[in-house]
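Chain naming follows the written order as A, B, C, D, E, F and G, and within any one chain the residues start at number 1.
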Amino acid sequence: MEPLMAVGIGILYAVAIFLILRRSIVKLVIGFVLLANAANLLIFTTAGMTRDAPPLIADDRLLPAGNVADPLPQAVVLTAIVIAFGVLAFAVVLIRRAYEIVQADDMDQMKDTDT
Amino acid sequence: MEYVIIMAQSIMGLALLLAFVRVVRGPSLPDRAVALELFSTIVMGLVGVQAIASGVASFLDVAIVIALMGFLASIGFARFLERGGLRDD
Amino acid sequence: MIDLLKAILLLGGALLMLLAAVGIVRLPDLLTRMHATTKAASLGVNLTMLAVALHFSDVGVVARALAIILFVLTTAPIAAHVMGRAGYFVGTRLWSGTVKDELRPNYDPLTHELKSGQEPRQNVERPGRDEAPE
Amino acid sequence: MIGAVWNLLLGLAWVVLSGDFSGFNLLTGLVFGYLVLALIEPQVAPLSGYSVRLPRMLKFVAFFLKELIHANWRVAFDIMTPPWHMRPGVIAMPLSAYTDLEITFVANLISLTPGTLSLDLSDDRRVLYIHAMFLDDEEALRSSLKEMEHRALELFR
Amino acid sequence: MNPDVALPVLLPLLSGAVSLLFWRSRALQRFVAVAGMLGLFVVSVRLFLLTLENGYVTMQVGNWPAPFGITFIADMFSAVMVLLASMIGLAIGVYSLATTGRGHEAFGYYPLMHLLLAGCVGAFLTGDIFNLYVWFEVMLVASFALLILGSERAQMEGAIKYVTLNLLASVIFLTATGLTYGLVGTLNMADIALRLDASEHQGMVEVLAVMYMVAFGIKAAAFPLFFWLPASYHTPPVAVSALFAGLLTKVGVYALFRVLTLLFDQSMDYLQPILLWGAAFTMVTGVLGAAAQYEFRRILSFHIVSQIGYMLLGLALYTPLAIAGGVFAVMHNIVVKTNLFLISGVAHRLQGTYRLKRMGGLSRRHPWLAAAFFLSAFSLAGLPPLSGFFAKFMLVRAGIEAGAYVVTGIALLVGLMTLYSMVKIWNEVFWKKLPDDNNVPDNTAATESNGRLGLALMYLPVMVLALGTLLIGVFAEPLVRVMNMIATQLLNSSGYIEAVLGDNVASRTTTLLAEPKTPVGEGLAEGVAP
Amino acid sequence: MVQLYIGLGFLLAAVAPLLHRWMGDRTNLLLVVYPALAALWLISQAPGVIAGNNLVFTADWVPSLGLSLTLMLDGLALMFALLISIVGAFVLLYAGGYLKGNPDMARFHAAFMAFMAAMFGLVLADGLVTLFVFWELTSITSYLLIGFNHQDEKSREAARQSLFVTVGGGLALMAGLVLLGIASGSWSLTDIRSLETDLREHALYTPMLLCLVVGAFTKSAQFPFHFWLPNAMAAPSPVSAYLHSATMVKAGIYLLARLQPDLGDTALWTALLSLGGGVTMLLGAFMAVRYTNIKKLLAYSTIMALGTLTMLLGIGSDEALIAFAVFLVAHSLYKGSLFMVAGILDHETGTQDIQAMGGLRAAMPVTAAAAMLAALSFAGLPPLLGFVGKEAMLKAVLKADAFPLLLAVLAFSAAFLTIAAAAIVALRPFLGTLKATPRTPHEAPLSMLLGPSVLALLSLLLGLFVPLTGPAFSAVVTAVAGAPVEVPLSLWHGVNLPLVLTMSSLLLGIGLYLCWDGVRARLATLTPVTHRGPQAWYYAILRAFVSLAEWQTRVLQNGYMRHYILVMLVTLAALLVNSILIRHAPGLSLAFDVRFHEVMVAATMMLGALAAPMLRSSLGAVVSVGVTGFSIALIFLLFSAPDLAITQLLVETLTVILLVLVLFRLPRFSHLSTRFERIRDGVVAAVVGGLLSLLVLIAWDVKQFTPISQYMIENSVSLAHGRNIVNVILVDYRALDTLGEMFVLSLAAIGVIAMLKLRVPPVRRSTGE
Amino acid sequence: MVKPGSVILNTAARMLMPLQLLFSIFLLLRGHDEPGGGFIAGLVAAGAFALYLFAFGVDATRAILRAVDPRDLIGTGLLLGVLSALPAWFVGEPILTAQWWPIDALGMKLSTPLIFDIGVYLAVLGAVTAMVMTLMEVDTDEG
């Protein structure tokens, strides 16, 4: 599965980057979503994917019965997902407000602050 | 039983792909939203199969979440349409 | 025996989902597609969950599977209704084979008023609008 | 009264969800159910006439399943075979249901049955507009819908 | 184990949470702003003294032994950074009392400040790479929110770039962290350092180094990754600009220093030339950018970039003296750059504009402000005996010792170019007569209406920081000694690793490899019911 | 102790504003005490120093860097320190009169005192870096002094120019000093002096010397860095008298003299200094007679003198060094005096134009006398000290080892031009008929007369009693030569070649003085040439710098965010490619273990992403990305991460909700990019994506260590009392991450609320941005 | 704009919202042992409020929250989170060390991880609800 996932992750990154490089701010938003997904998936995948049991321990046991998936990347990804969601929410609203002010779905209309 | 599970998974996987076809073809936003809804429903089915395949009942919680929360996306899209959001189909 | 039942339920569920998926691809307009998805897929989930309930045959799991079925039966039609309605009102094109539409004449897109067609006369009076049922 | 029923229901739902059928767990569920209800209390419409009637319910479930399988088969057949046999259209169905809950219940049932889909309710709540797939026999459809509504309402009254 | 390590993080978190909870009470928020910052300063001083005494102060958060839990560790570098952050926080807390409008206060200005600091301090103190990411995000999102406070057009435009480019950096950081865990199976930086040293695939180690370098390079605003900074730093309220200018990019620099010295020392041979030329271009492009500007804050913003180059130069040369000089540059820059922004704010309050053409005459009417600016500006240009001189001297000496003549020459020239911009501001804002078309003349009436107390609150941090840059220069010895300690610690990561992992470091390195590729959970004894 | 006294100078500078508040104009008298006391102390120490006992005052500063505040008083330092204190005392006195009633007097005193203290530090410093610190301090304080009349744009520009040139040179000096420190292994001048090895043979000698010479040349206004000095005449006359004749401009000379024993007497040294000095000398003298502005004229003649001094150091023979010492003292005295005279004329007549003045001898007899006496020394006529200096100089030039003929020609030309210049300054304003001037002239107050008169008298006295000064000058020359040198000085050496040259230059000079107006008119035709001089280069460089800056900003900081992103990504990709493909080629072992439904899920994930940019509908893209998100949730599910799957589903749903709430306001997708841009971006995106794919594969392939999560699994129940290990990690093992994470989400919410609800009125002030 | 509001959706929302909230509490409390936890629960609860917002609008939602602003939830949650780090400090252990206080009467244990998780729950709920609510509010203001 990993080679397939590796390709998939590459595609997610590539599409996200392609979208972020557009002038349209709407595409920028969608690029953000994909980028976050790509990174999360990458962490999940590189840490090793397993079809073993999830990292849960049954009621009557001290340890899992057999192999379980590595819980740490899961916790890390969970944290990353929520962080990405927060950042995304902010970015999305920012873009909406920027659009209200600039009145164009065009990043090129927003270059007054640079020079 | 293993074969049954594999077959069920494969059929559902195929269904996922077909649902995706409608997402791409649209043409209107409601069409796509409905396809997404179908997508999440199929995911629920896959969750059930996965629970059986792995023998881990905890997977069902995923299905509960989808069953209770999944339709919110459709509600969101509907609100978008009702409030006069752009139907750029 | 239980295994067979489980197999039937599982495969039936899966096939129903495939049916819904084929339907959503093949059917000609939004509303007809929604027929395929809402029902077939929901039923498919329900069958799968029954299989799960059978498989674990543990009170907790059965209860949860039944809860899922209940939730699906509650939320799926709501979603269908909301989306179908929104889709209809924003003017999604209906299939050319559609035979009748009793809603359209009772709907006023300006005021968003939706009449029942059964109102007492004085309620329907409106200058310049005189629609007769087909 | 209505609140109590709902509270009980929520408490039971809790027990069912957690799969722990102990008395303490039910108590927990009842407490949380109460809290949640207290939260939405001002918005809850009167749910008069609601009671649990097991036998009717079972009968209704059986009826519903029959309808479900029958209609599903018809839709499946049409989807799988190339020429379209369907004759879709939007019809107005006069309602006997009049409380919010009844209307919602009926509308959902109709939506769940293959071949029919609740589109919207008229402003005066007398008519439910339904999109139907097979209008070749409109009267048969209308009567089966009526029967479904009737049976459903029996559960409430 | 020492609880004091965590206090500098917990305190601003607590202040932030309290400020947020009582968002309706303006008075309480203002009180917490000063009290919280003061408290942070006190605990930071304590931590600094403790670290000075012990070299390293650590805490295993949650009492989980390293490397399994998250480690908080203060070495001299982080202790100094925390101390500086708390100083700047206090200065800006006081300054903000005078400059923050009611609207800003009602929508979270103070909690955002607290949490921005918490993020910075957390980043300085954590010994865990993913935890570092989390603190970076805390800091970043707080800075996002501060950046847009007020929702003016320029803010929005600047914020889009700031957010997008920083997000890109975060994603690269996160990606690198994911790959790191995939490669070595740990998140504790000391542990990572050990395992990377033992890794069979040094190419991958280099890849990680490069990715962290780019990610932190963006955060630090290094060439060619700095574009977000000049696009945005001049847009928010001036106290926010000052805080950003003083602190945020330095967190990136800190991370670069930390990661490259601790984790990737074995790749430094390859990275040094890249860093060296990156540093050179950062210095030059930043200073050139400033030369083309005619607005107070924009000039200062570009200079942030330029100064980052000096810090990177220290890292690139990678000798004890160079590292010490680089860190000295960080310290000096935090003090001076913050102050320059604060001064621009005072000038703006007095004259209603940031445009040099429309300003003037401040040296005669506000000689103390002029003196403060003069000290800070000339310190920025690296003139003696101010703080900037020592940073430059150490770096130049290290550069020449290392034979990096060209880049050292560039560093010297950039000092002159910095002076160009600083003199431009000085001439226009302080020496030139106030132009007639500025109809908010620098009159006491304007000052009066804003409140004498307000102006005094703005002056206080400005004067203290200006004095700071002078005193750092005149009494440089203790600081240079601290910088030397920092350099020693950074270049000998074994001390850090031992402080984190305890005594079993030596045995760990061997056992690490004992069971290669063990799937998780394998070999566990069958669990028994309790 | 001495360190403290220098510190006291800075302290006085800092408190000058306060002193003024308390004492008013009397502050001046108080401050004069500072250099006066210094002078007395220096004189008291002189016998010891002349006897060869150098004084060393040890003090530390930044020992970690090898920097000390050690001071050292030898002959050279003593001479400079005496000049600084004596001239400083008189100039300070003079300034009290010159600036009387000026509201900015306090500021003047602050800068002036700081300058004086810095100058003391500079000439006394033993540490290389300390020397540099004081050197830069003189540049900074002189910037403030030149820009004293800062409301005048010319003053600001002159101040800026002097600052850039001297600080620019300072940078070279710093490099030079650091090279010197590294080459010698010591940061102390005394230690370097006693070094065993010869620095002249060190590999770094040439760059070191070049850097040091550039530093010295800028400070001491040597060609081609001389142009700032005449412009610096925008400063008040006391400043010109002090900084631009007696002290600061000689700092470079001081430095060269200081380094002469260690670095001097090489071909490079001789060539640089004697030629550079010679050219500067002639240029200064020639330019002086082109100006009718008295301060400009004096400034150029100062350049001449500075050139002469440099040239003498370049020649480096004992004779040259003797000439150096005498000429330096003479110049300081007469030039200080003349600048003060110029200030008096300016102050009393209201003009600086010599042509506008005439017949002033009656109105201001003391001034006239002082001017003429000083001018005699300036012209190098007996019996003044200037004569001794010039004779010695000519003698040294004629005996020079390198370029004697060329230098002689230069020196002779400079000499006769100087005589003309001296005559112009001393005679023109005072002789002839009285001319109407903006102000009615009358004699200056005593405080202003004292300085020029005493300095002029000193020139005379030292000239008359020059043989007595021999031991003192010997101490100076010894310090510069690095070995004991006897200095036999006398007014009369008999008729020799230098005297002949002096006499003939006198004749030529007087001739030039008589037809000065005509010559000036002729010389005016040279203006286009002089306008292409170094000052024009300076401005060309500044202009080029600004254009470069603007060009760079246009190109780099161009406002197009996608360019920024592109640059970042290309940087990342290039570095990655270099590391992973070029430097360490990967070898992969691919193992495929995959099931059909997993392929389907992966496919929908990829296709969902790929469809997003292709769809023409923005909401369509949202749905498409939603498919990707759901697929990812499925992948989490299929690979044993139920918590993740739930979170992903919920977040995906909430994301959709947010997007539909927001995109509702946004327009339809627009296609704005050109085909080229799309292809370019596509390539970059594909390369980055491909690299990341590769990295994932490698990371997966080279796993080598047991993950730390093993511990977490083992202890989840027994120590953390939890059975869902992921949750245990979130709330216990790594609760700190979670704590940060909840803050992130909350901060985002605060930001969103603020953005949507806080609307500050756009412009508060009429002139706001 | 099309016809707003739907009896069917509103009724369903009224029924589903309590169920979802209940489910969220359920997820929160048993998260330590089964899938769930503060985040997931908070997101579910926020989803419940989002549903209610979609169905009934901002004012009705504020009405059921009474005096509690979502921002208060954020503050409370964060404060709980930070405070749960402190008990360990008082007993001389590193911050965030879990403290367990068994309550025998109920046969369950109160612990700092639980308090922490509740803090997470409240913060997530508050943050997400605040965002959605504000967006809808502004949306309504601007028509």
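Note that contacts are C-beta pairs under 8 Å (C-beta built on N, C-alpha and C of every residue); 3 or more make two chains touch, one makes a residue touch a chain.
Quick caveat: nothing in here was measured; it's all calculated off a predicted structure.
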Labels of chains that are neighbours to chain C and to chain E: G
Minimum number of chain-to-chain touching steps separating chain B from chain D: 2
Longest centre-to-centre distance from chain F, chain (CA-based): D
Chain whose Cα centroid lies at the greatest distance from that of chain E: D
Higher-contact pair (C-beta pairs counted), B-G versus A-F: A-F
Approximate Å spacing (C-alpha centroids) for the pair chain E, chain F: 27
Chain centre separation (chain C, chain F; CA means) in Å: 79
Between chain G and chain C, distance of the C-alpha-averaged centres to the nearest whole Å: 31
Contacts with 2+ other chains: residues of chain A: 20, 25, 38, 42, 44-48, 50-54, 56-57, 59, 61-64, 68-70, 72, 76, 78-79, 82-83, 86-87, 89-90, 93-95, 97, 107, 110-115
Residues of chain B touching at least two other chains: 9, 12, 14, 16-17, 33, 35, 54, 56, 58-59, 61-62, 64-65, 68-70, 72, 75-77, 79, 81-83, 87
Sites on chain E at which at least two other chains make contact: 13, 16, 20, 61-62, 130, 134, 137, 141, 144-145, 148, 151, 154, 160-161, 164, 168, 175, 179, 181-183, 187, 227, 230-231, 292, 520-521, 524, 527, 530
Residue ranges of chain E in contact with chain A within the complex: 130, 133-134, 137, 140-141, 144-145, 148, 151, 153-154, 156-161, 163-164, 167-168, 170-171, 174-175, 177-179, 181-183, 187, 227, 230-232, 234-235, 292, 519-522, 524-530
Footprint of chain B on chain G - complex, ascending: 1-4, 9, 16, 19-20, 23, 27, 34-36, 40, 44, 47, 50-51, 54, 139
Chain G to chain D touching residues, read off their complex: 3, 6-8, 10-12, 14, 17-19, 21-23, 25-26, 30, 52, 56, 60, 63-64, 106-107
Residue ranges of chain E in contact with chain G within the complex: 1, 3, 6, 10, 13-14, 16-18, 20-23, 59-63
Chain B residues touching chain F - in the complex, by the definition given at the top: 6, 9-10, 12-14, 16-17, 20, 23-24, 26, 29, 32-33, 35-36, 39-40, 43, 46-47, 50, 54, 56, 58-59, 61-62, 65-66, 69-70, 72-73, 76-77, 79-80, 83, 85-89
